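What follows are several structures.
One chain, subunit A, appears in both complexes that follow, with subunit B as partner in the first and subunit C in the second.
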Partner chain A sequence: MAVSRTRNIGLPLISLLRLNGMPILEQLHLEERLLRSTSENWCLINNGTTDPTIVMGVSGKPVELLDTESVLRDEISVIRRYTGGGTVIVDHATIFVTFICNKDAISGLQSYPQPIMCWSSLLYKEVFQGIGDFTLRENDYVLGNRKFGGNAQSITKNRWVHHTSFLWDYEISRMGYLKLPKRAPQYRQARDHLEFICRMKDYIARSDFIDRTISAVGSHFQLRYSEPKAIQWPRGTKFEPSSRLLRKEELDEAICKSSAVSALLSL
Partner chain B sequence: MADLPVGGVIDVPLAQTGEGIAECELLKWFVQEGEEVEEFQPLCEVQSDKATIEITSRYKGKVSKVLHVPGNIVKVGEALLRMVIDENASILPSVEAAQDLVAQDSKINELDIADSVLKKEKIRGVLSTPAVRNFAKQLGVTIEDVLGTGHDGRILREDILNYAARKGILKASSEILIEDSSAKNFLGDQTSPNVSSAYVWEFEDRSLPLRGFHRAMAKSMTLAAKIPHFQYVEEVNCDALLDLRASFQNEMSDLGIKFTFLPLLVKSLSMALSKYPLLNSCFNEESQEVLLKGSHNIGIAMATAHGLVVPNIKKVQSLSIVEITKELSRLQELALSNKLSSDDVSGGTITISNIGSIGGKFGSPLVNVPEVSIIALGRIQKIPLFDEDGNLCPASIMMINISSDHRVLDGATVARFCNEWKRFIEKPELLMLQMR
Partner chain C sequence: MALRMWASSTANALRISTANASSSSAVIPPAFSLARCFSTVLEGFKYNSSHEWVKHEGSVAVVGITDHAQDHLGEVVFVDLPESGKPVSKGSSFGAVESVKATSDINSPISGEVIEVNKKLSDSPGLINTSPYEEGWMIKVKPSDPSELGSLMGPKEYTKFCEEEDASH
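And now, the complex of A and B:
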């Protein structure tokens, strides 16, 4: 979609990667590699992922966050990602948008969680202009008072990444794999999960959301379209991604440990 | 923050991360006990509510004791590690102040969103930007003594000037003022005041941070420099081209379009590319693959007041010369007013740089990554040539330089391609044979 509007001098360059159905683990590996091995600014948009997958934050503990028995029974993959934040379950109806930027890419923006969150909300405000009552509420993207996008970040010495999984649509049964987290935002007000979230498809067409996001990115950056095959990785650097799939034994172990603790306490 | 005890041991605390939370989880250490550490070196990674954050060192020194292990929950303000500070270490006010500021920002409400994103620094109760603080330093003004008249009591540049004038500092430092304000104008700073000054010689260096197109150019040229280029130079007789342009201008004056050489060159280039598609490709280094592009999206390098920009005309093979002329005109107008869309400047497959319109016999351009070829056109010059009968006659000659990626193209291919293109330029009637 062509964007024609006045540009200010000094807009930073960003490379846009438009992906379709890339497996979420592959996306996380790509993101982390772009964060740590390149010095360009990137925007990734992944339109859905393949199989339903649970993605936990970097220090997420399965036994606290998941109904591990049903996760194991139904053989749902669980990933521990390289960024902080909470737990989500993603599938073909999730849209991912990621920004990877240099610390000084955006004039005046300090690379701390809150300023980055605020900046991102300005961008998404443009996306939802005239569509819905979009706001940033305690680090969540909400329409009205219902969450439709969860965010996480990683801030390194010279760069930062801010990524979001947007609930285009979701299956109610899958939400059952996630437990109520220990720390919930105040605005949730003890609502049940399904009363707390909403579907983006009730507000905007899928392709419209992606187009409007690209357009909004284009008003903050000079866009350059790229593709994963065209990325020039620096030579001679070995990269080990941090995001990984948890093994069954790790989820099993979580069950064993928690049962053992319960057994001890009952003695 | 405490004064820096030179050569002594200090506790390095976990600073506020700006989310208004009281604690973080320590994820991993990047340093160990006994290790020498530089300023800004990453020390460890912590996790707050939503983010993993690398904590960097404010000091140069040596890690004497690590106080937490990964997995520990560390309270904000609690010491993470102990360090022995170097004799020459100095605390950086901007880092410290930024962290103090972030603590403030954690209480912002939604109305203050734009405000929280602005870069402010607060040192010992004073609000001002780094530029204003530097300016005060240059004038020898103690910023804490200045009364701020900006929003929230912010100290503005004018406040520094007024204070300096009152204290008699301003007169002695007029030279610095002049240089500073001229440098700021050059960098596009909006706060530079209208300072009247006597004429002085300027011998000082001026720093020009790269922005916008210029910065993008620096980045893409750094990439292009890694490519092994070779140059192919040829002369093209443009007599027929000049006649054709004149004919178009006379016969088609009612269209209201100004005909130049470029659309003719672009169309004939596309015809030649149909026969030599390797020049219309891009190279993937990682997979060692050449992708032959289906569309001829011919980029035209343009020099604008904002810098070098290369918009491209899409699918030239399907456009008439009139359509190319109109599209070129549209792109030129947008480029001059800095209104090109991202679509206009992306997806190019080959580039023409008409550097001759400014001057020069020929150029040696760098390929516009990820393309594999770029063509520089020199100025058309009238020079004497011998014709077939040995008579001297004037000819309009243009030098062209085709600069190519030697990993994809060889001299023979480029030479044959150039011969084909040259044929179309020198005998444009041949275009009619190929046109659909």
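And now, the complex of A and C:
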């Protein structure tokens, strides 16, 4: 997409990676490697992921967050990612947008959670200009009072990641894998998943959302298009990703713990 | 003895006071109460530019994150710390804190070997918010090069650093 050169003068450079259906674990590994091994600014847009996958935050505990019996029964993959935040179930109808930036990339922005969150909401306000009642509510993107985008971050000494999974669409039955979290935003008001979230497709076409996001990124950065195979990784650097797939044994263990607690409580 | 010094939001606090001076019913809004305006910086501690502190006690150095850091991060809900025996390097990450949606690296102000980890933080990560310099300590290190402490900031320098960092954003 052509972006006016005139308006970009003086803006920081960002490389845009447009991905289609990259598996979410692969995306998370790519993000973390870009965060820790490069010094450029990046924007990733992954249009859907292959298989339905549950993605928990860094401290997520399956026994607390998931209906592990149905997860195991239906053989749904569970990932623990490198960023903070809550649990999502993602699939081909989820659109992922990630920003990986140097701490000084954006003038006046302190690399702490709240300032980064606020900055991101300004960018998405442009995306949703004239489309629905978009706002940042606590740490979620909402239309009205329904969440359609979940955020998480990772902040290092000199760089940060802010990534979002947008619910362009979702399958009602899959929400059943997720328990009501203990730690929930106040505005949720104990609503169950289906009362709490909304589908972005009811507001905007998929391609429009992606085009508008790229345009909004272009108003904050000088955009340069790139692709994963063109990334020049520094030589001699060893990288071990933190995000990982949980083993079946770990989910089985969660069921055992849950049963043990239930047995104790019934005594 | 701890010496409370002005830091971080001092400039903001002063601007608010000045702005309200001419008002006949000047009230400092609750959001800018004294507890929020001023981060604590302690004498006897050394500080690095990524907002960790170190206190040298004989052959042991105790490490944590500053009041300024915990205030900007928000409520800490999880802490990931190394095991005893692991090495730490000055300026490199040795763990992370999770605050609501974000994980933030914790960087060691000194190099050495971890000899003790604050196990209380597993069940009570909020100690980092309520007591960042005391109960919220994170690791104890046997320094491999005590001279590294010389390159860290003292309390006055760190206070000024925080003020300048906040004022520039």
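Please note the rule applied: the second predicted complex is superposed on the first by the 258 of 267 C-alpha atoms of A that agree within 3 Å, B and C clash if a C-alpha of one lies under 4 Å from a C-alpha of the other, contacts with A are read in each partner's own complex, and residues count from 1 in each chain.
Please note the rule applied: a contact is a pair of C-beta atoms (placed from the backbone, for glycine too) under 8 Å apart; a residue touches a chain by one contact, two chains touch by 3 or more.
As the structure is a computational prediction, the values presented were derived from the model and not from experiment.
Under the clash rule set out above, the superposition-derived model of subunit A with subunit B and subunit C contains a clash between the two partners. After superposition on the shared chain, subunit A has more residues touched by B, the comparison being subunit B against subunit C. Shared-chain residue A:G132: touches no atom of subunit B or subunit C. In the superposed model, A:P113 lies in contact with both subunit B and subunit C.
In the overlay built on the shared chain, the residue A:Q153 is in contact with subunit B and with subunit C.
In the superposition on chain A, no contact is made by A:P241 with either subunit B or subunit C. Touch criterion not met for A:G176: it reaches neither subunit B nor subunit C.
Contacts of A:Y225 after superposition on the shared chain: subunit B is touched, whereas subunit C is not. On subunit A, the patch touched by subunit B and the patch touched by subunit C overlap at residues 57-59, 82-86, 108-110, 112-115, 117, 139, 151-157, 183. Partner subunit B is touched in their complex by these residues of subunit A: 1-7, 9-13, 40, 57-59, 82-86, 108-110, 112-115, 117-119, 121-122, 135-136, 139, 151-157, 183, 218, 222-225, 229-233.
The residues of subunit B lying in touch with subunit A in their complex are 17-19, 25, 27, 40, 42, 47-54, 56, 71, 98, 101-102, 105-106, 108, 110, 113-114, 116-119, 188, 211-213, 215-216, 219, 223, 282, 284-287, 289, 306, 334, 338-347, 370. Against subunit C, the residues of subunit A that register as touching in their complex are 57-59, 82-86, 108-110, 112-117, 139, 151-157, 183. Considering their complex, residues 50, 72-74, 77-78, 80, 91, 93, 96, 98-105, 107, 165-166, 168-169 of subunit C touch subunit A.
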